[in-house]
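Take a look at the following structure, please.
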Amino acid sequence: MARANTRNTSRHFPGLATHAAFFFAYLYIPILVVVALSFNENRLTTIWTGFSTDWYWAVLNNSDVLRAARNSLIVATFASLIATAAATLAALGMAQGRSFRQQNTINATLALPLLIPEIVTAVATLIFFVAIGVQLGLLTITAAHTVFCIPFAYLPIRARIEGMDPALREAAFDLYANERRTFLRVTMPLLWPGILSGALLAFIVSLDNFVITFFVSGAGSTTLPVYIFGMIRTGVTPAVNAVSALLLLVSLVLVTISLLISRKDV
Amino acid sequence: MNEAAAYHALRTATASASAEGAQTVTRNLIELREISKVFGSGRDEVRALETVSLNIREGEFFTLLGPSGCGKTTLLRLLAGFEQPTAGQILLDGTELGGLPPYRRPVNTVFQSYALFPHMSVAENVGFGLEMHGVPWERIRERVDEMLALVQLEGYARRKPAQLSGGQQQRVALARALANHPRVLLLDEPLSALDLKLRKEMQLELKRLQKETGLTFVFVTHDQEEALTMSDRVAVMNAGEVLQSGTPRAIYEDPDNRFVADFIGETNLIEATVDAVGEGGARFRLASNVVIDGSFREGLAEGREVTLALRPERAGLTAPADGIVQGEVINMVYFGTDTLYEVAIEEVGVLHVRTQNTAGGIGEIGVGDAVGVDFLTDAVRVLRD
Amino acid sequence: MATDAATVASGEERRARRREGWRRFVLISPAMAIIAAIMLIPLGLMLTYSFLESGRYGGVVWEFSTEAYIGFLFERQLDESLAFTDSYIRIFGRSFGLSFATMAIALLLAFPAAMFMALQPPKYRAILIFLVTIPFWTNLLVRNYAWILLLRDFGLINNTLLNLGLPQLPLMYNNFAITLGLVYSFIPFMVLPIYASLEKLDWRLVEAGQDLGANRLQSLRRIILPLAKPGIIAGCILVFVPSLGAYITPELLGGGQRLMIGNLIQLQFGASQNWPFGSALAFILLATVLLFLMLWAWRAKKRGEAAALREAAVG
């Protein structure tokens, strides 16, 4: 009660701040542990004996890791580009004119890849590729990734379009710009941050995906997460920590850029 | 290029037409012929405009006034070309505009939200229309400077819209529209986002710009005071129809119907029966059997039930015996420059009377006092409905 | 003349509308086509497969069979008679139990954290949200692997215990480890919707409640919780659904001994080579998840309509 004078009592709930501190510690300590141990000199990952970047050099000189990383980058690049292109067109289409009847159905379908459990998608996609007789490899992985990348790319672009004053397009028409010039001079420049942000998010989820990739990848088309899974299965080594830390770093950088872009006003 | 050519053809045609018609003051620049606009269909059908016909004259400040949802903005969007009418014709200088997209119409719009392109500087915004026409850069730069001077924003050319205040953005929006020498400037509630003081300033500014440029302004507002003070002519709209159009004075002094009388200013509506129709005037019997004189309107027949309109400031209080009708003051509200009295009149209802608080007024009147209400024949107007 | 002009104009209007519809169709088509071709058709094929006979070395034989669904509940004896077996039901039961526990624990952890976030000044809120979203965007596999480092027999926790002279704890390969990993994997999905509903909450309502004599606990129970309910329900669904289909966490932290539905499905396409059974399991999982989502959507819609009605009545 003595505190009532100095604090806004309706907003003060005792213990909240302590809980929040523990909560964020819980979120971040495991991640930090992986990063910290990746610099551990010792072979036995959990006994700290000294700082070393050897494992990073070992990983970066491991041709299997490099091949897996290259595969991951190829898949993520193509999947995110195709998905972003399709998502941009879809978002522009959904923004055309007034609301229409099939709007909810289309929005639900575009969100479907987010709602269906990954394992189900993985199984279905595997069956599909085997049934139509396509060799499992980078092509099948990219195709499968493109599907679940679409909603991740679509949502930021759609949000951007929805936040755009429809009068801006009309103003361009009013100032003698035809459809094409309005698109190039007004719609696209304003949409661009959303597209970029969506593409980055799609890139990240493709890069990080394990379950679906695990099912539809064939021999020689191992991606980085699938490779890491194999490493973990055979035993915990500091090399796993180093690859994992690198993967975390890439995601962290990309998601930060993506969020900064999408927050930008213009 | 094709579009630019078409646009130029239309512009030169209209320019020469306006040169010929310059002497005739009442030449119609825009003619709306029986315009209807329906949105949606079936159960969702909304009839936004119902056979509206209007003429807007060259060089006038024309205002579309009405409550929200009355169709005034739809009408403006039809003129701009953002919507196509469901039925009817729009003529600009006698040329049909039907089917022309907005970018081929020699009209420009100032949007309610200003709609300044956030990724372009002030100068790029103002020069956008000229750039789309392929006007050479030096010419655009000159015109942009000219326009920024006109709206008193010299030195702001390189700023982004987000770095400007609401009032400044408003001026940029005006400059951007005016830069293209439009035949008509359309303004969609452009002042509604500004605070009261700035709004008053911009009202004067808009009037000044209209005088200086001599352009035809079509202005949309729901603010009756704004409409009365700024316009040459006003069209009052409700539920997709134009109820009355005319000068602000005509609309205020001689409202055609209940809606106009009620929407613009305060008014007393009195039910009566036509008692006699004479030369230039008529006699009306009130519910209390008192007979009063009022103005004449065509089509009045003896025995017809009518509604009379009487503006509170056109009535005065007198001693009971001197008034045309008698009643009792039931409430009074002091407004500084004037006082509003509510006078209950038996069988007729409550009349509002506004009197100026001048020195040597009508002495001390208080609640409960018996008074007479007096007015000139001229002040009593017959409504059509 | 006037009617002529009217038909011309309305024709123009109709043409504009048709053009708009056509353009929309063209723009939306690519995304829809990709999803249809590489998601909807495969799902249909999966359903078909669940009604086929299993091939000897994986794949299927194109013969209609309900064996996959029968096999879910019964075991075929040597004499072809059916005996009830609960081994698969048990795995489903465990999956539901663990998912439910995950959801409950995540709610308990997330709600106070979300409330803390909602009570911060706006400029800190953005940073805190960013901190909650980051783990979501980092690799799920790596985040689960991190717990191996912490929980295993000579992991960080047990090493610490040893150093303190305390006995080691069996932290890995049990339900505890799986639940912990699932909570860790999906907790951002719980925090964000709860935060979203708390952030919109008008704190003057809490003040009004306290003005009327409610203490902190009472205002939490009677005012804050009811108003945060849509966010809580959304968060619960968003945690429960992916937990149910989880594969990585039970695989890594359950050590392949404590199977969940996801692992059982994977097994049918791996070691067991029973594709129809795997398809049937996947379909049952999908149907369960969609049922939850539909119930949620239906409820939200009903509430939405009720809210609209209330507004209409007030306005």
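Side notes on the structure shown:
A, B and C are the chain letters, set down in written order, and residue numbers restart from 1 in every chain.
The definition used in the following text is that contacts are C-beta pairs under 8 Å (C-beta built on N, C-alpha and C of every residue); 3 or more make two chains touch, one makes a residue touch a chain.
For clarity, every value in this text was computed on a predicted model and none was experimentally measured.
If you compare A-B with B-C, the chain pair joined by more contacting C-beta pairs is A-B.
Centroid analysis (C-alpha atoms only) places B farthest from chain A. Taking the mean of the C-alpha atoms as each chain's centre, chain A and chain C sit 17 Å apart. The centroid of the Cα atoms in chain A and the matching centroid in chain B are 54 Å apart.
Separation between the centroids of chain B and chain C, computed from CA atoms only, is 56 Å.
Among all residues of chain C, none touch two or more other chains.
Considering their complex, residues 33-34, 36, 84-89, 96, 98-99 of chain B touch chain C.
Within the complex, the chain A residues that touch chain C are 9-11, 13-17, 19-20, 23-24, 26-28, 30-31, 33-34, 37, 44-47, 82-83, 85-87, 89-90, 92-94, 96-97, 100, 106, 109-110, 112-113, 115-121, 123-128, 130-131, 143-144, 146-147, 150, 154, 201, 204-205, 208, 210-211, 215, 225, 228-229, 232, 236, 240-241, 244, 247-248, 251-252, 254-255, 259. The part of chain C that touches chain A in the complex is made up of residues 17, 20-21, 23-28, 30-32, 34-35, 38-43, 45-46, 49, 59, 109-110, 112-113, 115-117, 119, 130-135, 137-143, 145-150, 152, 154-156, 159, 184, 187, 203, 206-207, 210, 216, 219-220, 241-242, 244-245, 247-248, 252, 261-262, 265-266, 269, 275, 278-279, 282-283, 285-286, 289-290, 293. Of all residues in chain B, only 3-4, 7, 80-82, 101-104, 107-109, 111-113, 115-119, 128-129, 132-133, 160, 162, 176-177, 180 touch chain A in the complex they form. Interface of chain A with chain B (complex): residues 165, 167-168, 170-178, 181, 185-186, 189-190, 265-266.
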